[in-house]
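Notes for the one structure printed next.
Chain lettering (A, B, C and D) follows the sequence in which the chains are written, and residue indices restart at 1 in each chain.
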Amino acid sequence: MSARDQAQPPVLRLSNITKRFGALCANDDVSFSLAKGEVIALLGENGAGKTTLMNILFGQYSADAGEVEVFGQRLAPGNPRAALDAGVGMVHQHFTLAGNLTVWENIVLGTQALSAPRLRARAVKARIADLSKRFHLPVDPDAKVGQLSVGERQRVEILKALYRDARILILDEPTAVLTPQESDALFATLREAIGLGLSVVFISHKLHEVMAISHRVLVLRHGRLVAERATADTSREELAALMVGGAVSSPKIAPMPPGPALMRLSDVSSKGEGHAPGLQSVTLTLHGGQITGLAGVSGNGQGALSDLISGLAMPSAGQLEIAGDAITNWSPRRALARGIGRIPEDRHHTGTIADFDLTENAVLETYTRDFARHGWLDWAAARAHAEALIATYDVRCPGPDTAIRLLSGGNMQKLILGRVLETKPRIILANQPVRGLDIGALNYVHARLAEAREQGAAVLLISEDLDEIITLSDVIHVISQGRLSPAFARGTMAPEALGRWMAGDGFAEVAHAS
Amino acid sequence: ALLGALPARGWAQDAKPLKVAGIYTVPVEQQWVSRIHLAALAAQDRGDVSYTYSENTANTDYPRVMREYAEGGYDLIVGEIFGVEQEAREVAADYPDVAFLLGSSFKPDAEIGNLSVFDNYIQDASYLSGIIAGSMSKSGNIGMVGGFPIPEVNRLMHAFMAGAREMNPDITFQVAFIGSWFDPPKAKETAYAMIENGADMLYAERFGVSDAAKEKGVLAIGNVIDTQTDYPDTVVASALWHFEPTLDHAIEQIRAGSFIAADYGMFSFMKEGGCSLAPFGTFEGKIPQEALDKVNAQTAAIKDGSFVVEINDAEPKSS
Amino acid sequence: MRLEPIANPGLARRLAPPALAIAGSFLVASLLALIAGGNPFAVFGAILKGAAGSKFALLETLNRATPLIFTGLAVAVAFRAKLWNIGAEAQLYAGAVVTVMLGTGALPWPSLPLLVVIGVAAMLAGALLLLIPALLKTRFGVDEVVTTLLFNFIFLLFVSYLLEGPLKDPMGMGWPKSARLIPEARLPRIIDGLRLHWGFVLALISALVLWVINTRTTLGFEMRAVGQNAEAARFAGIPVTRVILKTALLSGGLAALAGFSEVAGLKGSLTLDLSPGYGYTGIVVAMLALLHPLGVVVAALFVAAIFVGADAMSRALGVPSYLADIMLASALLMMVLAILLSKFRVVRD
Amino acid sequence: MDLIDILTSAAFWAAAIRIASPLIFATMGELICERAGVLNLGIEGIMVAGAFAGWIAVWAGLPLWGGVAVAFAAGMAFGLLHATLSVPFGLSQHVVGIGVTLLATSLTFYTYRVVLPEVSSPPKIEAFQPFEVPILSHIPLIGPAFFAQTPLTYAAFLLVIAVALVLYRTPLGLAVRAAGENPQAVAAQGLSVTAIRMGAVIVGSGFMAVGGAFLTLSAFDSFFFDMVNGRGWICIALVVFGAWKPGKALLGAVLFAAFDALQIRLQQTPIGAVVPYQLFLMMPYILSILALVLMSRRAEVPAALMVTFNKGER
């Protein structure tokens, strides 16, 4: 590939990009180039500056210094239009789709002159159909985007870029919200496109993906480009160490006997939200001193189950028992009072209040119980509590008065983790606790969950990442279409077998047997 | 001060024009206020007064504006205090040297010797215009569109209805209030509806009513102001209010140093020239003689006091 | 073009924009005065004199600020919880109606207990009036911007009905106005002979109380949490619906106090034009104050001073008095812009 | 007349259409703004300005359609002010809107008084006259109700069709709808959210002003203070009522106007003699709220309505 490098000019060249946000230097003199058909993986901890760099390349931010060249042409700064016209496509970390529009409308947006008298819908749809067939990206062009699953939305995002004949594609954590199957499908699509000459910059925290798809790896740390490796010449361990600037280790789970049953769901059914399925006669027992893993493709009832355990929903049929008591009156506050700690799936929108500072977020669940008397808040105590959490859980931040939105995802998650664990919960709901986190933060969260297990808590770990489930769980269930598989003990299930359950196989036999 | 004259303060001797300020809660276009405004302008043209005004003054601000003018050395403050009766009196009491001539539903207060009240008591003219309306409505169905059912509106409507019944006891009236002083399109819509419902004569208390009459080819009677020039084939007659007798009397009293708390209401009566029936203009010769005779007879009776038009402030209803 | 926050704006940077905003609106006023044939150079002095040139002028400014503090607080507390209460005007009238119902002789009590009872009852009425849109929002998801807006029309018509019907003053010569309050039901004046009354003090106390509620109590914390992110608040165990309803009660109650204070303190009776849009101006006051209760006091004084001063100025210069509203509007718009520019800088991309 | 007679009379429906016309213009204007993500509370004042500008232009000698154009331009000017403050500067849309209403109203009154200081009764112009559409106006009931209106009413209905076509059938409309739902999506496709939103507010404000001008150029023939009389606020409600869809908003405007026309007529019935007139005046508002409750569940609010967009922030 180095031969090809010399033969052809790079399709993309970033030279000496520097970007400051106030005092913070998000990108510090970063330079690299991308060859035709090449896939570069961009690695780095949360907040290392990856997204910022890509936003500069795409013209959403303009750099304080440095320039971007695409196909030998200097790109006008601060103008996404110029980037799009030059053949750069970007799939953002947070989707940029309008939910009230249909798939084809989202794709065609901005591609026809605003002065045009009408949308040429038929031609557009034909082209989308063609693209979606060629690149195996099945979508219904007339579906409202608001109704689509996360995976489908991701496909729409990619189709948007392909529709514009993007020759350079930037993917910012495209798999963070995808199921393994969806990720695999995405990679298949990408390989196809790369074969046709597409060049890709790929950002991910999942090292196995990086190893599988990229040709070259760039590592950013504190805004600076600190390492560059040919993928073939490196390993996951080396990359992890490069990212955090030191060695990383994942927690060990020592076998221990299950404790008492702390929570039991018997034949529980519940209503789903929108088009997501609810639960269908689910029976599940959570034992103390055990991590129960719940594998499954997102949108198969995990939401309904976690709403139930969080106190947001009641079963429509069946029984929910905690420590032997049947629950009749249920709310988040009651759940908290019964010793349930909850790590929600979406830390940005459910877990925290973006404009609240760390102190306020730290006491969000406990202010009435621990920090108030007769309706009067004790802010001094709350602040002390937040400071303690920050120290104990290694939350990196300027201080307890910082608005939490300014924290990286990892540090936000650590604060939530601290908030939950400090209440010494008997039962812990951990819904996608490490999604989008870098390897350092991920290991930290896992270690703390393992610690809680050792102290006798019952942990329900919901994840789409089979690796995570298999390494951590004492018992595994698979959820599909609101139905729950039997429990599989640690070490009895291979990823392939779990994958079949996730696809819905096996449930029929169970139904017959019972 | 008891019910006594104001201290003369040199008004009488001075030929200098009096400083007059008008404070109105509505714009000076409003029919009612426009008559005060015109009288003041006329006095100004004569050189009797120098005149300034504040229009569209919210009642909340009214007492403050009164004080500002009073502090500003004005001799006479004219306006309407229907919404701020009590506070306006307090202001007047604080400025005993300033004369206040204010539209009010109440009687003058002997305690406050510098505050006189007036109101548009033009029921005489309204009654006469009703006679003409009653004689010219063929359908015996008259529509009346008002802003709000306040006494100033109600008493004129009642007088008008009484006049119309003189000519046709079986006449029916449609009455509606649009809940606004200034929504001519709405007044017009309401008038349309009355015409649809059989009215062939409208009592145009609001702007907009005559327009509907004109478009639909029915007749209208004006109120307070004469709008026949705008609607030559529509407005048959109008009951006019003349504020001049009221204002001029006040000016005279001030000049004479004898301005006292008095009720100027009667200066709006026909006897005093405070109201009249507008000239028939384009409708000269088109009004039945029988009605003209009645109008003449009743005018004379009103003027000599042998006939008094009833003042009824209750809200009129459709019949 | 985009805005970038300034980390530590210096004093000059913080003070310059508001000063420029005020200067700007004076410029607008001078220009318009010139067009109408007035003396443009007299504008500034005349406004100052009109707003604060005498004890009378100053107290008039405070007087006008009083209802604006109440409605500003009402809006601030609601908006902080993202309850878009555009209906402070109606709630003000609700308070006024109750004041008149109880204060015209129905309760023959001594002054203090009577005033307390009337005040509380007025707050309840305003609270209940906002409770309806709040319930429609929480139960049916009906947009409260629209319902509160429509309630202004509905309630004003209802007041109009009351004033022409059950509440009509039998001694009122037929005018649609209520009977006068008995002397015991009047808020006393602070200074004899001037219109300023204890309603102003009540307004200041309300602002303080609200500030304490916001910063020190669980309810204040909950209201803010619900406003910032209702989903996260619900997840954390905050009873979102109940908090919204409590917010509505508080907001409606505060707006109603404006009506109570205007009737009991200033007018002594109720007419249909009690408020020249205090409910709407309250929105502006609240936003100028960045929803801070103490800021509301300052913003209300600012708005009142501009209005009273400009109104007097227009008379002094002999130009149409609509100039006062123009000045108020331009001062407001420039002021919000100035507040923004003191915290952000405009960066070209 | 009883209810059935009223509801089956052509004159009643003609009145409803007439009363609805200014509301339709202004509602379409507001709908355009809100679809792009901006709540425009300046509507009431912009209507006042439009009513005055259109009328004074015609009074000064321009033809009627010239007056409409002047009103549109006046609306766009205030729209530009609103848009500049609320879009790139991202100021509170509530404050900007109320500020613009206050400014437009007072500036209009001030100008009026400076231009016409002496008149007691404002001058009249020759307003739009009803135009009977050949053939169509002879259809029983429907003809006199719908096809004997002034040209400006026909324009209002054409505007609804045009707005619907632009919103749903053109790239521009697509961009507007997306800007009100997720501005990031618009920016990521290389379009300027600022330009789209500003454009929508400016044009939308132009239509609001034409709604105001309808009052002085078609419904009536002169200008009065306060003649807009809260119609702008009603249009805000109508947009929500119409679930941000032009067709439904049109339906809402006509329904609202029909209730208005009905209450005018009901005041003349025997009920009118007993029921206080305020109750009739309240009717359209109360029914609007009831309708909102009934259809609330299904309304799709533009997700980014009132959400400012700043490139620098996430």
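Here is the rule we use: contacts are C-beta pairs under 8 Å (C-beta built on N, C-alpha and C of every residue); 3 or more make two chains touch, one makes a residue touch a chain.
Note that the structure is a prediction, hence the values are computed from the model and not measured.
**Student:** Quick one: which chain's Cα centre is the longest way from chain B's?
**Tutor:** The chain farthest from chain B, judged by C-alpha centres, is A.
**Student:** Roughly how far is chain A from chain B, centre to centre by C-alpha average, rounded to an integer in Å?
**Tutor:** One centre to the other, that is 76 Å.
**Student:** When the C-alpha atoms of chain A and chain D are each averaged to a single point, how far apart are the two points in Å?
**Tutor:** The answer is 45 Å.
**Student:** Measure off the straight-line distance from the CA centroid of chain B to the CA centroid of chain C, and report it in whole Å.
**Tutor:** Each chain's C-alpha centroid was found; their separation is 36 Å.
**Student:** Of all residues in chain D, which are in touch with two or more distinct other chains?
**Tutor:** Residues 109, 278, 281, 311-312.
**Student:** Which residues belonging to chain C are in contact with no fewer than two other chains?
**Tutor:** 157, 160, 164, 320, 322, 349 - these are the residues of chain C that touch more than one other chain.
**Student:** I need the residues of chain B touching at least two other chains; which ones are they?
**Tutor:** Counting only residues that touch two or more other chains, chain B contributes 56, 149, 179.
**Student:** What are the touching chain pairs in this one?
**Tutor:** In this structure, the chains touch in these pairs: A-C, A-D, B-C, B-D, C-D.
**Student:** Flag every residue of chain A that touches chain C in the complex, lowest number first.
**Tutor:** For chain A paired with chain C, touching residues are 22-23, 61-62, 77-79, 310-312, 331-333, 335-336, 342, 344, 349-356, 360, 364-365, 367-368, 372, 375-377, 379.
**Student:** Residue numbers of chain C touching chain B in their complex, please.
**Tutor:** That would be residues 50, 56, 60, 64, 157, 160, 164, 172-177, 180, 193, 195, 262, 266-269, 271, 273-276, 308, 311-312, 315-316, 318, 320-322 of chain C.
**Student:** Okay, in this complex, where on chain B does chain C touch?
**Tutor:** 25, 52, 54-61, 63-65, 67-69, 71-72, 82-84, 86-87, 94, 105-106, 148-151, 154, 179, 313-315
**Student:** Give the list of chain C residues in touch with chain A in this complex.
**Tutor:** For chain C paired with chain A, touching residues are 5, 7, 216-221, 224-225, 228-229, 231-239, 349.
**Student:** Within the complex, which stretch of chain D touches chain C?
**Tutor:** Residue list for chain D touching chain C: 39, 81, 85, 88-92, 94-96, 98-100, 102-103, 105-107, 109-110, 113-114, 194, 230, 233, 236-237, 240-241, 276, 278-279, 281-282, 285-286, 288-289, 292-293, 296-297, 299, 301, 310-312.
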